[in-house]
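Chain naming follows the written order as A, B, C and D, and within any one chain the residues start at number 1.
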Amino acid sequence: MNFSSDNAAGAHPKIVEALVRAAAAGPFPAYGADPITSNVEKRLSEIFERETAVFLVATGTAANALALSALTPPWGGVLCAAEAHVEIDECGAVEAISGARVMPVEAPDGRLTRAALEARVAPIRIGDQHHVQPAAVSITQATEAGTVYAPHQVGAVGDFCRDHGLHLHMDGARFANALVSIGCSPAELTWKAGVDVLSFGATKNGALAAEAVVFFKPELARDFLYRRKRAGHLFSKMRFLSAQLETYLEDGLWLANARHANALATRLAYGLVDISGIELEYPVEANELFVRLPAKVADALFAAGFHFYPWGAPPPDSETPGLFRFVTAFDSDPGAVDALIATARTAAAPAEAVEIAMADAAPVPAGDGNEAIAEIA
Amino acid sequence: MNFSSDNAAGAHPKIVEALVRAAAAGPFPAYGADPITSNVEKRLSEIFERETAVFLVATGTAANALALSALTPPWGGVLCAAEAHVEIDECGAVEAISGARVMPVEAPDGRLTRAALEARVAPIRIGDQHHVQPAAVSITQATEAGTVYAPHQVGAVGDFCRDHGLHLHMDGARFANALVSIGCSPAELTWKAGVDVLSFGATKNGALAAEAVVFFKPELARDFLYRRKRAGHLFSKMRFLSAQLETYLEDGLWLANARHANALATRLAYGLVDISGIELEYPVEANELFVRLPAKVADALFAAGFHFYPWGAPPPDSETPGLFRFVTAFDSDPGAVDALIATARTAAAPAEAVEIAMADAAPVPAGDGNEAIAEIA
Amino acid sequence: MNFSSDNAAGAHPKIVEALVRAAAAGPFPAYGADPITSNVEKRLSEIFERETAVFLVATGTAANALALSALTPPWGGVLCAAEAHVEIDECGAVEAISGARVMPVEAPDGRLTRAALEARVAPIRIGDQHHVQPAAVSITQATEAGTVYAPHQVGAVGDFCRDHGLHLHMDGARFANALVSIGCSPAELTWKAGVDVLSFGATKNGALAAEAVVFFKPELARDFLYRRKRAGHLFSKMRFLSAQLETYLEDGLWLANARHANALATRLAYGLVDISGIELEYPVEANELFVRLPAKVADALFAAGFHFYPWGAPPPDSETPGLFRFVTAFDSDPGAVDALIATARTAAAPAEAVEIAMADAAPVPAGDGNEAIAEIA
Amino acid sequence: MNFSSDNAAGAHPKIVEALVRAAAAGPFPAYGADPITSNVEKRLSEIFERETAVFLVATGTAANALALSALTPPWGGVLCAAEAHVEIDECGAVEAISGARVMPVEAPDGRLTRAALEARVAPIRIGDQHHVQPAAVSITQATEAGTVYAPHQVGAVGDFCRDHGLHLHMDGARFANALVSIGCSPAELTWKAGVDVLSFGATKNGALAAEAVVFFKPELARDFLYRRKRAGHLFSKMRFLSAQLETYLEDGLWLANARHANALATRLAYGLVDISGIELEYPVEANELFVRLPAKVADALFAAGFHFYPWGAPPPDSETPGLFRFVTAFDSDPGAVDALIATARTAAAPAEAVEIAMADAAPVPAGDGNEAIAEIA
């Protein structure tokens, strides 16, 4: 009963079958000169409705740091949300691979706004040799708060970048979850809104280990082959990255996986907010929930074998609800979701109150961008 | 009919089956805290007969550069053969990841000797701030010439390192091929001969993409977790690296695969050297052959659909035989080997001599090792 | 009439005379093996009352970045005030030279507090490969706000470092100004309070270009020779750095220069705060003043030829006083200070009030220190 | 009696006087926005007869590494002579500052030839992601063998660079010595022969510590301000670098200094080659001599207090003359040169042979490019 991370999941059977087939295929030229890789490149250009330059790597950290290294000189700065993966969870990979500085910007609900970006760069003297020069913005889609940038929100950041001469990177570790939540086209969510390069994630959504760095302006990718190789990220048997992505993109598997994960996150969110004393920290727009739980509820869930993480600073006292993160994945079990809700309800309520509480279930109020929840409701 | 590279091969069915199983296994903690990874760590310690610190990565370049980064400060030098992968084929990954300088040393048959190493460091003033300070030696096993270091040859380099206060790294991209060729124990070929850290390759020998960095002195690995993560080489779903290696090490699959590749290399070598005008450039001791072929033979082989590479500088004229590389793999087909020999024989010989030549063909000796082939030839 | 920066000043005549003598001295071994350099090393050990390892460089940025590179691995973090030179004014030199991440911490009056440091590191999981690991703290003395850490305030940061296993660096670009302001011993202000390494600045206080990196734990300096050389910061004719510092430290020149600069800053502060509508932003404890000036006063000063900088964000409207920085130096002219005060007074006051205001002027107190100025104002 | 290095010398009195004046000059804007720096920039453009972009730094290593960082991406290679300062004497500064790889090429008399360069790059596959890509050539003028590239020899390297799409850097630590030796114009020796950027050295030739990075294609310098600052090489009181160079370039001081050093090197060469058993290793074309001395001569010189260095590998036995380096400087004393010659003569000859030997003095045979010697002769 895993709600700890979409990284704790296995891989989708169809994607593994693709590896079985690729393993038995005839000899292929190494390093990406194989037909499966070509096909993935072609598919991604189709999906994004424009010419792209595509480079496959195995980890999201590699995708992000390498992509950003193509967008910034070593004396550049990469603006991102204060909670962004590139800032918090990659042990300085951006600095290590690009030399640049990560410049965190407060983003209360996970989404960078133009105003916050403007405030961050205002004191920086552009062209002054003493100052690290802003070079790129990196936004995370879906965000680290489980929210999703709508196209116009990406576009606001894109406008900021255009006006300041910066490049725009999207860390799409959960791009599919964001996309199906918003319901727009991949193009609308990326280059049409100003994104220059996308870390297109598949690992969290059913692949074993496969990400694509997708450049919407191929000229930015001119040196990328060297960057990838030099960082040790060029696969010799590239077919095994591309076979994952080929199947991931086939027959909408990537979208179906994401819909499943999102739907269960929504189901979980509905179930939990309906329980007295439990509150959502952020709108649930993709496959992550950040939830305030009374200690007795959290304890009961852990005791029942549910895996999930406490998040952020611990609460000041045992009376204050703590913050916890729940993540659903392509393979999450609806039964486990329901069991979790039931366990939480029992733990939260005085025995006699359970039935009443269920009757009270109020609809989740519509809010900005909470499409995924609204859809199911 | 691939003889171009062991990277052009697919993957062994058992290893892919392991992925199928791992994909369907229950949720596992991410980033290596799973039971398969633990098992691989344990198995490698058993195989090498001592406590080791093991870190899995997906590419050989990552394994080499990260391993070396733990052995040298940025102002250090890494001595290696002039043809070493870290010098020639990794686009400066050692420099990129460790900051150190690669210091190539001539190694005519691929093997570094103590004398050559001594000559290389002699003019360097140790402790002089102006000079890059030798910090490590990296040897390739099997070598880039298709030869193999015997334990006493590794030991000679190990003695050099000990006497000069350097660390010793082994790039074991083809470690299994070397091991079965020599017929000693893994321990004898590594730490007992002075090796501090091994890039233990599996990709070229039947895995999809899996290498292990094996530290024989765990204290050298103290910071390795940060190095790996920061370089983008930490897999979230680590199970998919470890499942490959678990099966690779199970029931001697790694040794069987290497024996197969080596045996076919030997078979090919026997067949070719028996043909007039064809000569081996180096002894064939693992799964690579470097062969001088008359132009008409090379042309005939290419025309017949065999894939292999011209190697090094082109010959000065069409009369001089050119150098070519042939590589066998875990899945090479004996029939293709025989067909290649037959095609070469036909192309080499005057028409009337073909039948005689075929009758002369010496039987391929049974066995895994092929130490003496050049001498026999 | 320069109040723009202590970098705009020339150099003290005695220090230049030292260069004249050094230039004519007999041949000396290059790269620091000369008697003047030895003498500087000895003098600094005497001044700091303990064995030190001393390395001379020409710029403060080099001193800071090289010093910090000895205190942090590339995956480490360097905590510093949000306004610190290493964060704001060095174009990412710390990152470039050490690989580490600069982690700014809010420090409203320029001084880092233990509480702010604790809050900054609280969410970082120590030993977790995903997180940049705090490795060092860098404090600036005097601070970027013109304030000074008293020994107990340095000690509070030192305690934090000790308790968290971090190293402590002091950016002493204005160390002399801080020292004479506090009136304690150099040892009390540094290693006795937990400082591991000091960037001991001389350039801003009368030298041409000379800084010393002073390690109080010589074992931390083991590799520093290589770091300095490799960064291009080893002077061949080292005598010309050491001659500056030898004279700087001789007969208390460094302290006298700093006292002069501080005294004039105090004099200026007294004069300005006495004027209606002018306020100090921070206590004036060294040789920098941050002053809120009505627009008409600032305009009058600029018109009269005084050089100084607007600071931080511009005021929202012309009614709100703007923030400006004034810096005094070893060679500042008391007459210029008085002229500045007079000009400001005239500009600030209604015409009829000028004479009265001048009669009110409080006498500038004698003395070097200026600890209490803000309170007096 | 220093013949150990031009780095062991002091500084020219006129240059120090310039510092005295600059120190007392009024306040100047920091970081290079001062009139002296502007004047140096203007003078260098005049001297080189074209628009240049000029950046001052204090050390030759900084000049070289920063200049090269503007010419190569991190995955680039910098071809240079095997004995070049950037390869041997800078502790990996090029790698540290640019990320690129130094690629040494044999240059028996110190000069790179087109043939040697072609041979070095021949096996490198241009555009292949596995290979470090040649990006620049760095030549040293005068060379590390004390020889000088004539314009046509620079041009041959320039042609190689042009044909291969590489940039050309000249390490002119002893540029003045080379220039007066050749007797051509600064333009002819640099950009007219294909040089893109020059490390214009002054330190070895009379300055205290001052070098100029001179870009002949200003567009290559676009980011140089950031590179310099970020490496800690931006002087705040820039006037003190520029004052040195201003005087250095004034009234031909730089040429006069170099002529003096070269003339004494020639005088020393004539004196020594005239002694039986003493031989020059290379033509003496600037201010360095590499001389084979019998052990008894070397011993006698050391005993008499002459300072100079043994060079390269020690001789196999005491009968074989060893190699030694002698360097003259702007302030070398002709009397010391004559005393050295006399001491060597006495030590070399049997007592009765001394007078005869002096009578035998033969003219130095004309050799390729030995202009400086020929001129004086």
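By our rule, a contact is a pair of C-beta atoms (placed from the backbone, for glycine too) under 8 Å apart; a residue touches a chain by one contact, two chains touch by 3 or more.
These numbers come from a predicted model, not from an experiment.
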| How many links in the shortest chain of touching chains run from chain A to chain D? | 1
| task | Return the chain whose centre of C-alpha atoms lies at maximal distance from the corresponding centre of chain B. | result | C
| task | Count the residue numbers both chain C and chain D use at their shared interface, divide by all numbers used there, and answer same if that is over half, different if under half. | result | same
| Could you state the distance in Å from the CA-based centre of chain B to that of chain D? | 43
| said: Can you compute the centre-to-centre distance for chain A and chain B, using the mean CA position of each chain? Integer Å is fine. | reply: 38
| field | Where chain B and chain C are represented by their mean Cα positions, the distance between them in whole Å | value | 55
| query | Of all the residues in chain B, which ones touch at least 2 other chains? | reply | 31, 74-75, 90-92, 96, 129-130, 226, 229-230, 234
| note | As the complex stands, chain A meets chain B at residues 2, 4-5, 7-13, 15-17, 19-20, 22-31, 57-66, 90-93, 96-97, 203-204, 208-209, 226, 229-237, 239-241, 307
| field | Touch list for chain A against partner chain C, complex | value | 74-75, 88-92, 95-96, 99-102, 122-123, 129-132, 312-313
| Complex interface listing, chain C residues touching chain B | 31, 73-75, 129-130, 133, 223, 225-230, 234
